[in-house]
Structure formats: structure tokens, C-alpha cells
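What follows is a set of structures to go through.
Each of the next two complexes has subunit A plus one other chain: subunit B in the first, subunit C in the second.
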Partner chain A sequence: MNSLLEQAPLLAPLALGILAVWMLLPREGNRAWIIAGLCGVSALLWLTKNFLPPTDNVVQTGMFYAFAAGAVLSGVMMITESNPVYAALWFAMVTLSVCGLFLINAAPFLAATTVIVYAGAIVVTFLFVIMLAQQGGATGYDRKAFQPTLASIAGFMLLACLMFTLQEFGGKAIAVEEGEDPRMPRPQFILPPATVMANPLSQPMPRKDKPDQNDLGTLQGVGRSLFGDYLFAVELAGTVLLIATIGTIALAPRRSQGTL
Partner chain B sequence: MNEWLQNPLIMTGVAIGVALGGILTTCAYLILLERKLSAWMQDRLGPNRVGPLGLLQPLADGAKLMLKEDIIPGHVNKFLFVLGPAISVFTTMLAFAVVPFGPVSHEKGQFPFVIAPGVDLGIVFIFAVTSLAVYSIILGGWASNNKYSALGSLRASAQVVSYEIPLGMSVVGLALLHSSMSLEKILTQQAEMGFLGWNIWYQPVACLIFFTAALAESNRLPFDLTECEQELVGGFHTEYSAMKWAMFFLGEYTHVITISFLTSVLFFGGWHFPFIAEAASAYPGAWVVKVAVLLFKVSCMIVLIQMLRWTIPRFRFDQLMSLAWKGLIPMATANVLIVMCVLEFNLPRIWLFPLSVALFVAVGLIGTQASLPAGGATVRRKKVTAPVVAAAHH
Partner chain C sequence: MTAQLESQLVVGAILFVLGAIGFLTRRNLILMMLSAEMMLHGVAVNLTAFGRYHGNASGQVFTIFVLTIAACEAGLALALILGLYQRRKSLDVQLWGNLGEPDLPQMSTEEGGRFAPQHPADMPILTPAGRMPNSPVVPSNTKI
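And then the complex of A and B:
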């Protein structure tokens, strides 16, 4: 019990945030928008103290907060929206905000591909299906959340585990290792594991066209890492996708069977 | 004076101003050009009342659109209804940020000829941004709360998601050949290799796929199933009027300009032209010639796109899907495979030309043969007569 109390600065704002989400989940009757909004905002402000952005550049910090807040708020709006079309649009906003975070962390290729795949294709497909399925408007049981309490508790436990891991094995562990005050904000969030040999091909190398800069985050760097260190994973993912495609074609009814 | 020009914001601002002004003016005159070309192809006169030869028609049109009553129907979802056209203009304009419109310069204090110079992603960025443009049609159509509009936006979502795949795969071959996705680098490498370095000699099929898929993404004829006047009244823009309607078309024409720029830059050597605009040419005023050459190529592409409008009739929806999934995507995959083989076995690059032509012929043959009913005309006749026979029995 003591160790749980020690974690109060982490768990209390989380519980507040989850309470806000629980109050906002779609249900019959009115939802307490103002109380829930106040709870959510205070939880976010409380938590920002624990997880400061890893930089002292004002512009970058501002952008980090803008994109991070955008991602969290859009995520909350996505799960609390009772209209599925709006929920899909909020999902697109979550994706775009996360892509903004990728961009300020020097991963433009990841950002662009995420926009193409998620915002440009998957959410569009969601909208396609929703518009096809909801011609006559949503039915009653679509308008309220299924098991809001259990879902909130599960979400709370998942988030608590995630944040605890980040806090204990991230910035705090690095600080303890380097003999510094663990409460101070740290430039590096996650400690690279010392026991695992670093991926040799994913290390930054001098750029071909500009030898004074390294190619971290450029297309060449990403390509070398993907098709060097992670070749098997990439090939495996490609094979799985191919199998899925073949499976879809096999499952789809033939024209001769009369459905298409 | 010079120090003042060193500030990166100044030249970027000037570039944005030039690009935006150029695009808006061009869009206005593209509509006039389109109407004149249509008239010419249909043996009519076209607009000729406003100003000499009808040249002031765009101004009159603009004034009309601005002054028209801006109606928001009562049954629409207001926020999304207004958001739709805004997304259309915003995304297509944003895509233009990495398109070079002249000899790109990275020197401080010189006009850069591209709004965001040195973007490593180049073409991937354009695909990412333009893939968001479909939201304008989907949201506009859905928010209109009208069956015709909703059908139009449903078609748009299926069409755009399908054609994004061949669009992306058509430039993979270029990325392999130039080991870069940056538009500036692809342009410079072509210019340095001279007339025979233009990518059209190595990737003719990729050029065709890219052009077709990009045209489909812009929702223009023959791919304008989202509007489709005969079936859907006006499709996604049935409920729109005045400036909001015009913004959809501003987006569409900007898309056409971007496609034309991209095709010229990626496949036709950009500003390069033998003898008058080589990579080494440094005579005074060379940049004027280079910009003129690029703009000439772009105008040719735009005229081609507008003439296609009255040349190829609109596709049926199943034809549209078959073209993407059964035609363009396998062709693009085979094209990437050919490029990989040529590079892997160190064959001379000019081998890509006959191989691409062979691929095109093979796909054409397979495509036309597969669409015929098995066994030829006899089976088709049987199918037609069958219901008649069945009716006679009753």
C-alpha cells in the first residue's frame, strides 16, 4: 500500500483524467460537460509537471505542447463522441497531431507515411463504411457507451502501467545513474538498454550530399535502418500483408455466386 | 540592402507571394482557357463578350461569384459544410510548397524558386498532403445532408483511396533511379544528363500511370464520378453556391496546376531544354529562359488535361475500379520490378525504354483479351437470348 501511496503524484491526476472521460462517455440524459472538462484540464496540467518536454527551445516546447494537447484532447473527443462520423474525424485529428510530434522529433518520413496511410486512407475508409451503414441515423443503442465503467477502469490501469514504466525506467533511471536530481527534467526520455548491442546500421552516418551533417531522420537513414537492421521484420510484415490480400480475395464472393 | 535580403523569411515570403498570386491568376484564366478549348472542340465560339476576345471574362466571373448570395441551406451541418471547401483550397495550396517552379537556388538572398527548399521528402510530402484533399469532398458531401451529395462523396472516397496506390507506386521507379525523392534533386540530375536524361525515356509507363492516377485524384473528367451531372445533379457540390462552390473549383484547378508541374518536373526534365536551357548555361537572363521553358511544358500539360475532358467519356464506376486495381496497380508493380532488375544487373539504363513499351503492350493485350467473354461471340449471344427462351416457357 505504501508503494502505491508513493505513486500518488502519478496516480491521482490519472484517476482524475479517467473520471473526466467516464463522465463524458456517451450515455442517456445529460453529461456533466463543465465538471468533466475542469477535471480533465486539471489532470493534464498536473501531469505535465511529471513529463516535461525534453528541450529548452521555446518554439519547440510550444509546438510540443500544442501537438501533444491536440493529440490527447482529440483522443478524448474521439471516444466520447456519440456521432461516429465526428469520432472518425477526431481520429484523423489525433493522427495529424501525432504526425506533428513526429515532425518536431526529426522523423518527417514517418509523419508523411502516417498521414498517407492513416489520415488519407484508413479514416477515409471508416467514413465510407459509416456513411454507408448509417443512412437513417444512429439507433438508440449506438448513442450510448457499452460498459463505460469497466472500460474506464481498464483504460486507467493500462495508462498507469505505461506512465509508471516511462517514469521509472525513463528519465528518473537515467538521472539516478548519472548521479543527478531525479526530479529535474531530463533531455532523454527513455534509457537505451546498455545490454543490447545498438543496431549498427541505424546509427547516424554523414550525409552523401552534405558530409558535415548526419543523416538521422532523412530518407537514406530510414531506408538503411529499415532494410538493414530490420530487414526480416520488414519482409515478414510484407509477407503477412500479401497473405492477408490473398485471403481477402479468397473470401470475397465470386460474381458467379451472385453477390457482386 | 543585401543583409536585409539574407533574412530567410524575406525570400520565402516573396516566393509564397509569387506562387500564390501566380496560382490564383492562372486558375482564373484556366477557366477561360477551358471554356475556349471546349468551344473550339465543339465548334462553338465560347465566351467573347467581356473585353477583347473575352479576355476579361474571369474578372466578371470572379465578381459574380463574390457578389452572389452565399446560401447555407437550413438542413446542412454548418461547421462541416463550411470546412469542406476550406480544406480543398488549403491542402492543394500546401502541396505546392515543395514544387520547384524554376531553377532552384539554395543561396541566401536569392529567389529560391520553391517555397520550401531542401525538403528531402519532396514527392512523399505532396502525396501526404493531397491525400487529405479527399476530406473536402467527403465532408462537403456528407454535411450537405442530401442523398445525391452523399453518393458523390462515397464515390470520391473509394476512388481516391484506390488511385493513391498506383500514384505512389509509379514514382518508386524514379526514386530507385535517382536514389532520392526530392523533386529538386530529380530535376537537377535530369538536367545534368541532358535531353536523353529526361525520365520519359526511362519510365514512360510510370509517366502514364502517374498522370492517370493524379488526374483521378483531382476528380476531373474522365474521373469526375463525384459530380456526374447526369446521375447525381452536382454530386458533392449540389448544395454549394457562390464563393464556397468556387473554392472547390479553385482547389481542383490548383490540383491540375500541381499535377502539370509534377509531371513536367519528374518526367520531362523540368526547366531543361537542349541548347537554350542546359544545366551549365549561365548567360545573363538564363533563369528567365529556364522559367519560361518550365512554364511552357506546364502549359502543354494543362492543355492536354483540358483536351482530355472532351476526348475520353466518363468512366463507369466498375470500369474506374478495374482500371486502378486490375490495370494500373499490376502495371506499376511490374514497372518497379523492371527498374530493380535493370539496376541490379547493371544493364544500360536505356533498356528500360523497350522493356516499358513491352510491359505496356503486354498489359494492353491481357486487358483487352480478359475483358472479352470466354469463347468469343457465341457465348455472348447465348447470354442475351437466354431470358427470352425462359420467358417463352412461361
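And then the complex of A and C:
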């Protein structure tokens, strides 16, 4: 019990956040929007204080906070929205925020690709199907979630396990280890292993036009890694796409069986 | 850079868990697929953050593969959802509770749970295999 109390700064904001999600999930009757919103915002602020400290770079920190908050809040709105059309639009917002995070992670090509594939293709196709199949907006099965309590408990357990692992073996453990504190465990999964080299073509090289910078995240660097180290995987991915196309055509409803 | 990595891992974990909760609670087939895509987004944030932290391009390449598989999954899922919608005229996933094993407990909340097939269009149409038997099927008044 003592160790559980020691983890209270970790567990309390998670419990608050999951409680907010549980209150917001679609159910019969009115939902407590204001209480749930207060719970969720306080949980996010608490988590920010514990886990997401601001760095020296003000612009990068601000962008990170904006995109992370956008992704998380839009995700909550998506799973709690009872109208499926609005839920799909909130999913587009999640995608755009995640693309902002990709930009912070020096992956502009990936951000553009994700916007095109997700927001441009997947969300539009799903919206198309929703509008064909469900023109009346929210139906009975959208207004009542399936086992919200059990799902919230399962989500809380999963999130608590992930965050506990991150706290014990993550970045703070590195910071303490630099101060030579022997009580802290070694950061096992964040540091690159010393004995294993990364793939040679995936390492950044000096840019041709600006020799003082490396080409991490540029199209040249990604392409060299993709078609050098991972060439066979690219061929496999192309095969999977072809098989999925054939399967989709085979599964699609025939015109003789009538359309929607 | 270390603090930035940990923050991104936290965001990835939260997105993954939100997608899991959505997949478990929503009963609309399309929203279940969208929740699964949100779990993939959480994984993609993790991959790019680690790629940036370790300073190589492998994380971004893995994310490209995740994107490929997500596109395949969306196409197949839409074809399946359209096929299911044609049979029941509804996107409710609980109408397909009779696909489960018969001795498992039913977790359904209302509407009686099991949805018995009411007309033969609900049953799958199997492609006939093998040679067509000819002796009893041929009508007697046909001249061979």
C-alpha cells in the first residue's frame, strides 16, 4: 500500500482523466459536461507539470504543447461524440495535430504524407460511407456506449502501466543517472544499445548543399534509408497493397446484389 | 532533447489508450475502425520521436510502413463494412453477436443480444464445388 501511495502523483491525474472520459462517454440521459471538462483539464495540467516540463526552446515547447493538447482533446471528443459525422471530423483534427508533432520530430515528408493519406483519403471515404449508410445522424446504438465502466478501467490500467514504465526507466532516470545516483535503475529502453549498430544507410550524412548540417528527416535521408536498408520491406509492402486491392475488389458488394 | 522525447512518449501512450477505449466502447463499425486508426497514430508518434532521439531515419521509415498498412486496412474494412451493412441495414456491431461461440457469455446490454437470421439472405452464399451431379437432376422429358 505504501508503494501505491508513493505513486500517487502518477496515478491521480490518470484517474482524473479516465474519470472525465468515463463521464463523457455516450449514455442515456444528460452527461456532466462541466464536471468532466474540469476533471479533464485539471488532469492534463497535472500531467503537464509532472511529465512534460518546458524546455529552453520557447517556440518548440509552445508548438509541442499546442499540438499535444490538440491531439489529446480531439481524441477525447472523437470517442465521446455520439454523431458519427462529427466523430470523423474530430478524427481529422487528431490527424492534423499528430502531423504537427511529426513536424517537431523533423519529419516534414511524413507529415505531408499523413495529411494526404488520412485527412485526404481515409477520412473522406469514411465520411462518404457514413453519409450513405446513416443519413439520420446519431442512432440508438451511437447514443449508448457499450460497457463504458469496464472499458474505462481497462484503459486506466493500460495507461498506468505505460506511464509507470516510462517514469521508472525513462528520461528522468537518465537525468538522475548523470548525477550518479545508484538507487535509480538504468534507463533500459530509451538509450540506444551500445553493442548494436544502426543500419548504415539510415545514419544521417552531411547535406550536399549545406555541409554543416546533416540530412536527418530530409527527403534525401529518408529515401536513402527506405530504398537502401529497407528495400525488401518496401517490396513486401507493395505486395501487401496489391493483395489488399484484390481482396477489396473481391469483397465489395456486387452490383447484382444491389447497392446501398 | 531528453525531456522532449519523454513528453512525446506520454502523448503517444495517451492517444493509444484513447483509441483502445473508443474501440471497446463504440458500437458503430466505422467509429471502431477510426479508433483503431487513432491507436496507430499513437504508435507513429512514438516511432518518429525515437527516430529523432537516436538520430537516424529508421523511425520515419517504420512510420511509412505503418501508413501503408493503415491504408490497406481502411480499404478492406470499408469493403467488409459495406457488405455487413447490406445484410442488416445497420452499422451496429452487436447485431453480429451470433458470430461468436455459442457457449460464451453474451455481453450485450439490450435488445436481446443474439440476432437470429430471419431470412435466407442472411446466410452466406457458398460457391458450389466439384462436378455437378447429373443423374437425378435431368428432367425426364429432355432428349439427350
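The criterion applied here is as follows: the second predicted complex is superposed on the first by the 223 of 260 C-alpha atoms of A that agree within 3 Å, B and C clash if a C-alpha of one lies under 4 Å from a C-alpha of the other, contacts with A are read in each partner's own complex, and residues count from 1 in each chain.
By definition in this document, a residue touches a chain if its C-beta (ideal position, glycine included) is under 8 Å from a C-beta of that chain, and two chains touch if they have at least 3 such contacts.
It should be emphasised that the depicted structure is a prediction, and the values quoted were computed from it without experimental measurement.
S.K.: Once subunit A from each complex is brought into register, does subunit C clash with subunit B or fit beside it?
M.R.: Overlaying the two complexes on subunit A (C-alpha atoms) leaves subunit C and subunit B fitting together cleanly.
S.K.: I'd like to know which partner A:230 touches here: subunit B for first, subunit C for second, both or neither.
M.R.: second
S.K.: Thinking of the overlay built on chain A, is A:251 touched by subunit B (first), by subunit C (second), by both, or by neither?
M.R.: In the superposed model, A:251 contacts subunit C only, not subunit B.
S.K.: For A:121, is the partner it touches subunit B (first), subunit C (second), both, or none of the two (neither)?
M.R.: Both partners, subunit B and subunit C.
S.K.: Who wins on subunit A residues touched, subunit B or subunit C?
M.R.: Of subunit B and subunit C, more residues of subunit A lie in contact with C.
S.K.: For A:163, using the defined touch cut-off, is the partner it touches subunit B, subunit C, both, or neither? Pick first, second, both or neither.
M.R.: second
S.K.: Using the superposed model, give me the angle at subunit A's CA centre between the CA centres of subunit B and subunit C, as a multiple of 10 °.
M.R.: Between subunit B and subunit C, as viewed from subunit A: 80 degrees.
S.K.: One more residue to check, A:216. First (subunit B), second (subunit C), both or neither?
M.R.: Touch status of A:216: second partner only.
S.K.: So, A:113: does it touch subunit B (first), subunit C (second), both, or neither?
M.R.: A:113 sits against subunit B and subunit C alike.
S.K.: After the two structures are laid over each other on chain A, how near do the C-alpha atoms of subunit B and subunit C get, in Å?
M.R.: Closest C-alpha pair between subunit B and subunit C: 12 Å.
S.K.: After overlaying the two complexes on chain A, where does the subunit B footprint on subunit A coincide with the subunit C footprint?
M.R.: 109, 113, 121, 125
S.K.: Touching residues of subunit B toward subunit A in the complex: what are they?
M.R.: 119-121, 124-125, 127-129, 131-132, 134-135, 138-139, 142, 150, 153-154, 157-158, 160-161, 164, 168, 179-181
S.K.: Once bound in the complex, which stretches of subunit A touch subunit C?
M.R.: 17, 21, 25, 47, 51-53, 55, 60, 64, 68, 71-72, 75-76, 78-79, 84, 87-88, 91, 94-95, 98, 101-102, 104-107, 109-110, 113-114, 117-118, 121-122, 125-126, 129-130, 133-134, 139, 141-142, 144-148, 150-152, 154-155, 158-159, 162-163, 166, 170-172, 174-175, 190, 192, 198-199, 202-204, 216-217, 221-222, 224-226, 229-230, 233, 237, 240-241, 244-245, 247-248, 251-253, 257-258, 260
S.K.: Under the definition above, what is the set of subunit A residues touching subunit B in their complex?
M.R.: Subunit A reaches subunit B through residues 85, 89, 92, 108-109, 111-113, 115-116, 119-121, 124-125, 127-128, 131-132, 135, 218-220.
S.K.: Under the definition above, what is the set of subunit C residues touching subunit A in their complex?
M.R.: Checking each residue of subunit C against subunit A gives 2-11, 13-22, 24-28, 30-31, 33-35, 37-38, 41, 44-45, 48-49, 51-58, 60-61, 63-65, 67-76, 78-83, 85-86, 90-92, 94, 107, 109-110.
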